[in-house]
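Got some structures for you, see below.
Each of the two complexes below includes chain A, the first together with chain B, the second together with chain C.
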Partner chain A sequence: MKYGYYPGCSLEKNARAYHESALVVAKRLGIEFEETPDWNCCGATEYFAINALAGYALVGRNLALAARQKLNGQGNQLVAPCSACFLNLSKTDHYMAESPELAEKVNSALAAGGLSYEPGSVRVRHLLDVIVDDIGYMTVAEQVRKPLYGLRVAPYYGCLVVRPDYQHIHDEPEYPLCMDGLLKVLGAEVVDYPVKTHCCGGHMTQISEETALEMIRRLLKSAADYRADVIVTLCPMCQLNLDAYQEQVNKHFGADYHIPVLYFTQLMGLAFGASPKEVGIGKEFVDARPALAKIQEEPPQNAKQKRSRPPKGALPMPSMLSHHKGGGQ
Partner chain B sequence: MNALTRASRASPQTFMQEVVAATPGGDTHLELCLQCGTCGGSCPSGRDMEHTPRQLFAMIAAGMRDEVLKSNTPWYCVSCYYCMVRCPQEIHITDIMYTLKRMAIKEGYYQESTAADAPDFSETFIDFVENYGRSFELGLATRYHLKHHPLSAIKMAGFGLGMLARGRMDLRPTKIQNIDQLQAILTKAKELSNGSFEPGGAS
Partner chain C sequence: MNHKPMEEARIGVYVCHCGTNIAKTVDVAEVARWVGEQENVVVARDYKFMCSSLGQDLIESDIKERGLTRIVVAACSPHMHEKTFRGACQRAGLNPYMFEMANIREHDSWATDDRAAATQKAKALVEGAVRRVAHHTPLEPLPVEINPNTLVVGGGIAGITTALELANAGYHVYLVEREPSIGGHMAQLDKTFPTLDCSACILTPKMVEVGQHPNITLLSYSEVEKVEGYIGNFTITVRKKARYINEELCTGCGICEEKCPKRVVDHVFEAGLGYRKVVYRPFPQAVPKYPVIDRENCTYFLRGKCRACQIFCPTKAIDFEQEDEIITFQVGNIVLATGYDLFDARRIPQYGYGRLANVFTSMEFERMVNAAGPTGGKIVLRDGVTEPKSVAIIHCVGSRDKNYHEYCSKVCCMYSLKFAHLVHERLPDAEVYNFYIDIRAPGKGYEEFYHRLLHEGTHFIRGRVAEVTDAARQPGEEGKLIVQVEDTLIGKQRRIPVDMVILSAGLEARHDSREVSQLFKMGCDFDGFFVERHPKLDPVATMTEGIFIAGCAQGPKDIPDTVAQGAAAAARVAGLIHLGTVMMEPVRAYIHEELCSGCRICNTLCPYNAIVFHEDRQVSEVITALCQGCGTCVAACPSGVISGAHFTNEQIMSQIEGVLWDVRRNGNGKQPTVNIQQSTANVQQPTVNEP
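Presenting the complex of A and B:
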């Protein structure tokens, strides 16, 4: 199956590890990517604050170029690994479909560059969704050569892949499970912690550092409370904030967190038998090697299936009715 | 922006209608707000906001234009969409925050808010996008921080070196091939936006 591929600015450089590992994983899984030619920036969270129509036209150019790719002789699917790119592409497509007035104006702007875009003609996908939904856990399991036994991983979804979920991909935008399942298939021990869809602060590190550091601290604290060895992310912004600002969080709050933050594709690559270098390990600020050294040859013997109590001082997990003891039910 | 320009915007529209008209993408449902407060309770940066989104929407309904546009609230919105998926009335809250940012910039109000640097961060970011077609982190960080936080530039320099050492930052921006096409599209979009989706309409 051939997909259009929109790497986005972050994957070109700052999130190069994501790009490289995504390509390694795609190759193993038989996913063929064809990069959208001459794509431009999606505008992140900045363009809509300055000029809405120009913001939509900026994204519209990418959609128009992707629609022209004519892959598989049918409706194109465009894969964006970055959360912000994924959101902006699907939001523009969605709002153009919802609002004929917006579609008309975006198309008038695109016409100035000899382009046009019919809403709905490109289906925007996130890489995680493609791997879980199109490829499936079974095919992923077949590729696992070096299972991640003994590694405690905290799947971190962040915001924009699960919310606002214009395409209704996720059954539960506040408690998604698709990456949890994927990491289990790789042999890792998945940590169930309560902040997996909380925000990393986005661009606030640049605008109000205080605000951002507190948001990052909450995430690191929760992952540490639940004894995660690694935080696993699907977004360049989340990776940057949690990884590159971890030292500042420690300084600011007198904390001592050392939790590496890796992309889910990096862990997939390692489990598939790729070398750490091939999947970009070493580009992170918080060294991932000590955590990765915890991976064992054999599955842990006494792997507890039972849900354990939250550690002292940690945010409680939302409790389900069936877990109440001695209630009236 | 002076009082005369502000006065010239006076129109039969209510402030609520003006906000809705400036928010593209279908029905915003803003006028359906129940004042339930789910938005504020869901907001991860709410504690730094002068008004919760709920308060801000009540102020919009009350026509408190100056107070709304001076509020730091939209600038502390991190676009996480938590409020939007939880809002029982399906109000396009995040998009309305973007609209309020645009209105505050256009009318010069943001300079009085505690987030006065935020618009310049966005402006600097898009300036690189408009000139090259791609974002450019080193240029953005350098230009923005030297202008607004020169004292913390040394800290930022350390951060930048860390990024460079890990091969995570470019020294030069990358330009797309067809930058002329992109610029023609954006110029046309800005021309068109004078008549719609932008605060104040034709000016």
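Presenting the complex of A and C:
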């Protein structure tokens, strides 16, 4: 499959590891990316807060450019690995379709650059959604060369990809499971991370550090409580906050967290047999190498013991609904 | 095509205002004026309420004085008032089938605010009725005998009530229940709100009465497979699933259950909180007393070994060779009392059911507090030992929520209050928190019960819970379940750490209610609940004659309302049985014998087997008493010689021509266009022309 690719600013700077690993994984899964030519910033959160119309026009330009991509006639799908980019692109498309008035205003702005955008003509996708839905767990499983046995991972979705879920792609926006399933396919031990869709604070670090550090602390604490070796993310903002501010959280709260924060594509790349360097391991602030050293050759022995009987007299535990998407596990 | 009526028709047309229901949107005076100019229309009037006795008098006197031979009333749906106006015709000496109704309310004035378009459509509907009625012929209704037996589907408190009411009135009832025992959800409950009387104590005498009643044939562990026929004459096919127990030999001693070496989680009666054996009775007071063998889990059926039950049974009642039995019988009426399913709390994962051990559903808690339940009535955490020091009860789980069910489930507030009371009673030191949106306590003694709970010291926090989590933030939260909620009365986010969470799940339609409604050929709403004939005035009848509904199958309701509906349905059925016959619409197919080619295509298509073939004359004939007027043969006849009374080709084609009166063919004669513009010029404010 061939997709348009919109890396966004962060993947060119602080999230190079995401960019590099995404390309490694895509290549292995037969996903072809064609970067949208001459793309610009999506406006992040600030632009929309200050001048919404300018924000829509800014994003509209990217959609207009993506709509012009040929992509071998395989449908106009634009993949954005960054959560904020994904949200802004799908939000703009959604509101332009909903309001012809807005579409007209955006298009009159785009006309100045000789562009126009017909809402709905580009389907905006998140990288995780493409891998789980289009490629499927089965195909991913076939690529696994070095399973992540013994690695306890906390899947962290953050807020922007799952909510408000304009395209209804998520099994459960309040408690998604698609990345949990993906990480299980890689052989990792996935913890039931209760704060998986809680906010990382976004740019709060620049506005009220006190508030931001508390939000980050909650996420780190929960991962530590669940004895996670790694927090797995799909968003450059979340990665930056949890990784770069971890030291400050430790200082501020007198804590001692050392939980590396990696992109899901980095773990996929490692499981596919790529070298740590190829998937950008080493670019993170909290060194991931001690955690990754826990990966074993064989599946952990205690996996079987977990299915042991509950203590005598205990009441039966209800089962969970199984509604994982993708090609099955 | 031009269909001329046989004799000169003298038609009277009456356009109803229905107060402002129609007149607000349709220019009724203009419709009456315009239709008065149409062919065969002798008199056309508009009137405020045609259904009033004055309105009906108007029709009657016009028939007598002006010699009208056909009547059209343009008003509401024929479901509302067709009978009314047919009666008026009859009183004036006109055959009631010389009448036609045009629905300009539900199909027109209520569907739009556009006055010009509504008036235009009213004219089309009225013109269709006028042209149709010109071809009506006098018909006589057909008497149908009512079989005095009744089928009741569902053995919960609704079905039990219906069955007993009818049986005690002297009529025979077939009561079909899917589970091994009757009793339904009520048998699972501990106490009932607001009086706190024991559910089993008030239910079991009724169950026993059903089991012993000479007028009730109880078919438990059975399902209806096929329903044929119509009011008065239904043929029912029931599959009686194999119990693998010979009921004639079984004494219900329970030794098989005791000796069975395998236990499984009971997801039905114990709501997943407890276990049952593979050969089991759901509960000790089960009616009938015979156990069933759960074939899917039985070691003998899985591996061909074990037979412990068979070895120990003192009366040799275990029969592994038993097969499902198909039973067929005749009934005159059917009552569907199939009940509800509890909303599956796992569908809201942020509340943690299935992930967090100490989150329970309301039905699990109901079993827990029941003295006959898995914990013997002790309130404990999932470990089976620890008593909770604090309990959170979350209201509206799956109800009043656009993501799941928009409706209110009606009973959850009250049973949540009951739960709070039971916790106070059994664990006096425990804190109880109720998280609610609104407390809905409309019922006799309900509000008083709420006040009682306020005095018992339950904490009431108003707000929809965002999540239940084990992610502790502060030292006081460690090891607890934290309920995160916006307290809308103080306008603050709160985090309440508790030991146990109970999810007050709503009631939803049975998962298979849609298939059931198709089986019985009756309606089911968007949420899956069965649709009553009228939401206020006919809540237990359905649009299908002879089929009635009762209890939660119609919508969420508490026990008193369910019992009232069960009894109401029985009264309706008893009324019909007492009459002995009902008059049916004479809408029947008729084969013009002289034109029939004897091809026999209609013979096999008829779903009611109502067509016979006469070998001697080589023609087919419709048996009027069996025909249901479905029209299948009429459409299928290759010679076009079957006509459906009251739905003849002439009547339908004329009506279509009438409805399309304003479609004019333009120059090339190909493209029909609708001429609405012209009529908008005529639109005026309504003027009431009292006749």
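Keep this in mind: the second predicted complex is superposed on the first by the 300 of 329 C-alpha atoms of A that agree within 3 Å, B and C clash if a C-alpha of one lies under 4 Å from a C-alpha of the other, contacts with A are read in each partner's own complex, and residues count from 1 in each chain.
Everything that follows uses one rule, which is that a contact is a pair of C-beta atoms (placed from the backbone, for glycine too) under 8 Å apart; a residue touches a chain by one contact, two chains touch by 3 or more.
Quick caveat: nothing in here was measured; it's all calculated off a predicted structure.
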First (chain B), second (chain C), both or neither touched by A:Q296: neither
Contacts of A:Y175 with chain B and chain C, given as first, second, both or neither: second
Chain B or chain C, by number of chain A residues touched: B
Touching partner for A:D225 - first (chain B), second (chain C), both, neither: second
Touched partner set for A:S275, first chain B, second chain C, both or neither: neither
Touching partner for A:S208 - first (chain B), second (chain C), both, neither: first
Overlapping contact positions on chain A, where the chain C interface meets the chain B interface: 174
Chain B residues touching chain A - in the complex, by the definition given at the top: 22-26, 44-45, 48, 75-76, 78-82, 84-85, 94-95, 98-99, 101-102, 105, 115, 117-119, 121-123, 125-126, 129, 133-135, 137, 141, 144-145, 159, 162-163, 166-170, 174, 176-178, 181-182, 184-190, 192-193, 196-198
Chain B partner contacts - residues on chain A that touch it in the complex: 9, 12-16, 38-41, 43-54, 56-58, 60-61, 91, 94-95, 98-99, 101-102, 105-106, 108-115, 159-160, 163-165, 173-174, 198-199, 201-204, 206-208, 210-211, 215, 244, 282-285
Chain C-facing residues of chain A, complex: 172, 174-175, 192, 194-195, 218, 221-222, 225, 311, 313-321
For the chain C and chain A complex, residues of the former touching the latter: 265, 272-275, 344, 346-350, 353-355, 357, 361, 364, 368, 374-375, 380, 382-385, 467, 469-473
